[in-house]
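Pasting the structures here.
Same chain, two partners: chain A is paired with chain B first, then with chain C.
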Partner chain A sequence: MSTTLKRLAIGAVTSALLLGGLAGCGGNPSSNSSNSFNTLEQIQAAGTVKIGVFFDKAPFGSQDSTGTFVGYDIVYGERIGQDLGVEVEWVPVEAASRVAFLETGKVDIILANFTVTAERAEKVDFLNPYLKVSLGVVSPESGVITDISQLSGKDVIVVKGTTAETYLEANNPEIKLTKFEQYTEATSALLDGRGAAWVTDNTEALAWSLQNPGFTTGITTLGPQDTIAGAVTKGNTTLLKWLNDELVTLGTENFFHKDFDLTLKPVYGDAVSPDDLVVEGGKV
Partner chain B sequence: MPPSGLDVLFQGTNFLRLLGGLWVAARIALISMALSVLLGVPVGVLMTSRNRVIKAVTRVYLEFVRIMPQLVLLFVFYFYVTMILRVNLSGETSAIIIFTVWGTAELADLVRGAITSIPAHQYETGYALGLTPLQVQMHIVLPQSIRRLIPAAVNLVTRMIKTTSLVVLIGVVEVLKVAQQIIDFNRFTYPTASIWVYAVVFALYFITCYPISLLAKGLEKKWALSSQPSH
Partner chain C sequence: MEPELLGEYLPVFARAAWLTLWVGLTGIVCAVVVGLACAVVQHFRVPFARQLVSAYIELSRNTPLVVQLFFLYFGLPKLGIVLSSATCAIVGLAFLGGSYMAEAIRSGLEAVDDGQSQSALALGLSRGLTLRHVVLPQAVALAMPAFTANIIFLIKETSVVSIVALPDLMYVAKDLIGTDYNTREALTLLVAFYLVILLPISLGAGKLEKKVRYAAFGS
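Right after this comes the complex of A and B.
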């Protein structure tokens, strides 16, 4: 009897806790969101803007050997701070925590190679884009692939679970795919000549072919194009509007082309035209 | 000679940054463990209580903390609990609080186990000598229990040091993340850096955890000799 009672008691307390927790989770973010962010005026009054960036994703957001933040997103963030007339406080974020940092107002802006998706747009407000990515095709210089039709009936290397795999299976069923778990396996296979080409994100393709003589990225843009944009807390309209206006201003001076030359070109080389990647003025 | 991955460690302030990251991890783990010991011993004594309410509450607390992954606790606490309570806590403070909540639960359960392992005749002898229940706890039961839980408690400290690698999710950068960041930054120029950097991280964790193990071994030996002269 006493054990039954004990179990009942434990069960009751646990469910009460769980229910309380669920109610808390369900109710609060929405009711608090109206004041969980800093408006443009508040940021300028405080004199600091908190920008969430990657610190381990070179060449977009990284830290150099002295710990200084560097990269494409950082150059953009520094300019935002300068034009807002405030100091920038960099907050290191992980891919999985980007949305939470914005939802709870722990950062004002996220500039962390944030791909725009419909699902994310329900939780955060995206700015207009500043970068676009698609797929790239790496092939040996002895048999450069410049058009997807050249791959018909040939073995093509892809990494499992990537956009490249899903795109080719859906759109080019005539291509035979050789799939690998890891990027390093895919690149070794390509070096061994176990495929006519390797299809991957165009940024990765360009960076890799530049480091590996004898290979080139014959196709730099293939398949669906994703855009990458900064984001602010949902509902922070003053900051959103200021940042989108800022993008237009930056567009008039070709700011992102200069950013590309400074941060991405050393990694991607001349193989890619900046117009294949950067977006000026927030318009694709 | 091709560039060795080892060179990466000595570029700029990379090695100092790794040590800085280690200090962050050790600081979080040691402060949390100190607080866990302070709180865990009384909570552990409470856990041996026969009172049903106390038993149920401590049981739910322990099970809750054990079942929830530390990652979830850190995430929910840092982002949402602070938002609901409208307090602004740094990532590191949040990490110390969650690690203390976790450490207290685990340590209290160790204390409970150690206390219940003390044979009944120890209590009976104490009462026969005219000691009060509190005196029996303080002078007979706890000293013997604490000795018994040293190995498991040390295991908990080292587990805590290693679990600090989760705190990067709430914006705290510790040694493992510094290492991964250095590897990523050099992945095109030093593709083989990872093995070297990870080897150094392994060494750093080892030189942090090993002295703790040695200390525990020393304590066990010392107390074992001084407290059981009659055997």
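Right after this comes the complex of A and C.
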């Protein structure tokens, strides 16, 4: 057998095995046997809960100069750890990898500004919400976008795997999207003039444009109003129930209003009223 | 695995594969030009330019492509230079590949025994003819395995260009995983498409290596 033939054969066999292996994993798409997760008891026995959070999305989840996680989601996560009686291990996640981190059991809970959508709910179990949100459009003051039609044919920046991306692809296919994996990459690109606008959650849009002179949120509400909630791996009912009960308890203390005052108010000032964003007790 | 999803994603991946191949090959052609120039400068020990080339080779080989792309795409705009995604990717590949190509070509040139050119000169061949008929054929034969390995390496390196928002194979795979969550289908197509691009190149390279080997001394 010539070397070329041998190499071709080896290549073909290897790829067939690899693809067969992947296909095998999906043999039964309705079962969740591929999902591995820690139940409430296992988390409490282990003494650690792994929470997936953003590391570059201030004021919701980011790291300060010492590497400590800070923000609205972090305050909530710390309280969960305290009430579970366990240590919190923070796991930094990107928007597009949030579902995969839950499906593969790399985190127990995602608290990363996770907007509830029907597609996502097929893959993960959402808790009751703790924030409400719609989309916002950030643009430079030299070319403020006040209506979505102004963006027709222009480059618009989005982060992969966000509701902004799905919404624009479904409703405004005439807009050209430039997609990044991280928020810092998206905002850098906006600062460098690589797009006419950046579309993201309005909470994030308002916060960012208030912190960055020369930019403004010309459209503050775009698309339907959504809610933001934590999520657990599909089928992890014990943890889901505990977390939803926890939300009711926190509601009686007005916990998220306090969280807002602590983390969001310093950014928004009086531009946003807490009742426009915060959901208490898991009920909108 | 849902077969109808594979069919639905196929055109998206095919478009991305073309872009991957186009960016990869353009980058490689530029890298060969850069590499050739650098190898000539080093081989003929051109004063001053030689030190410059050495510095470039060390800088290029000891920094990751992701870092080079970040510098080009997010760094240069701070100095007022805004390059498009595709330009950044090609410049990045040429910058990285140039040094690898230079080293491959130089090693080929240096591996040709000095006795070969001395014998040719003693037999009355001119310097030009010696280079063309004696040194270069042997150098090419010796450099070819490193050269083709570099080509495959550079095509594989294109998988990081999605960080500068260029919709290559990796970009569409991650995008589909992030929006539809059909991880298995997207990853299967990703692997399959890289194999479709790289296996023929790898096989062709093997053939080419054999073809030029006739010139290698002693084989």
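Methods note: the second predicted complex is superposed on the first by the 170 of 284 C-alpha atoms of A that agree within 3 Å, B and C clash if a C-alpha of one lies under 4 Å from a C-alpha of the other, contacts with A are read in each partner's own complex, and residues count from 1 in each chain.
Here, a contact is a pair of C-beta atoms (placed from the backbone, for glycine too) under 8 Å apart; a residue touches a chain by one contact, two chains touch by 3 or more.
It should be emphasised that the depicted structure is a prediction, and the values quoted were computed from it without experimental measurement.
After overlaying the two complexes on the shared chain, residue contacts for A:154 are found with neither chain B nor chain C.
When the two complexes are overlaid on their common chain A, residue A:100 makes contact with chain B and with chain C alike.
By the document's definition of touching, of the two partners only chain C reaches A:188; chain B does not. Shared-chain residue A:79: touches no atom of chain B or chain C. By the touch criterion defined above, A:265 lies against neither chain B nor chain C after alignment on the C-alpha atoms of chain A.
In the superposition on chain A, A:178 contacts chain C only, with no contact to chain B. Looking at the shared chain after the overlay, A:257 reaches neither chain B nor chain C. Under the contact criterion defined above, the residues of chain A that touch both chain B in one complex and chain C in the other are 25, 29, 96-97, 100, 103.
Here chain A touches chain C in the complex through residues 3-4, 7-8, 11, 15, 18-19, 22-23, 25-27, 29, 95-97, 99-100, 103, 119-120, 122-123, 160-161, 165-166, 169, 178-181, 185, 188-189, 192-194, going by the rule given at the top.
Interface residues of chain B, counted against chain A in their complex, comprise 8, 11-14, 17, 52-53, 55-57, 59-60, 63-64, 75, 79-80, 82-84, 168-171, 173, 177, 180-182, 184-185, 187-188. Residues of chain C touching chain A in their complex: 1-2, 74, 77-78, 82, 85, 162-163, 165, 167, 171, 174-175, 177-181, 183-184, 187-188, 191-192, 195, 199, 202-203, 206-207. Considering their complex, residues 5-6, 9-10, 13-14, 17, 24-25, 28-29, 32, 36, 55-58, 62-67, 91-94, 96-97, 100-101, 103-106, 207, 211, 267 of chain A touch chain B.
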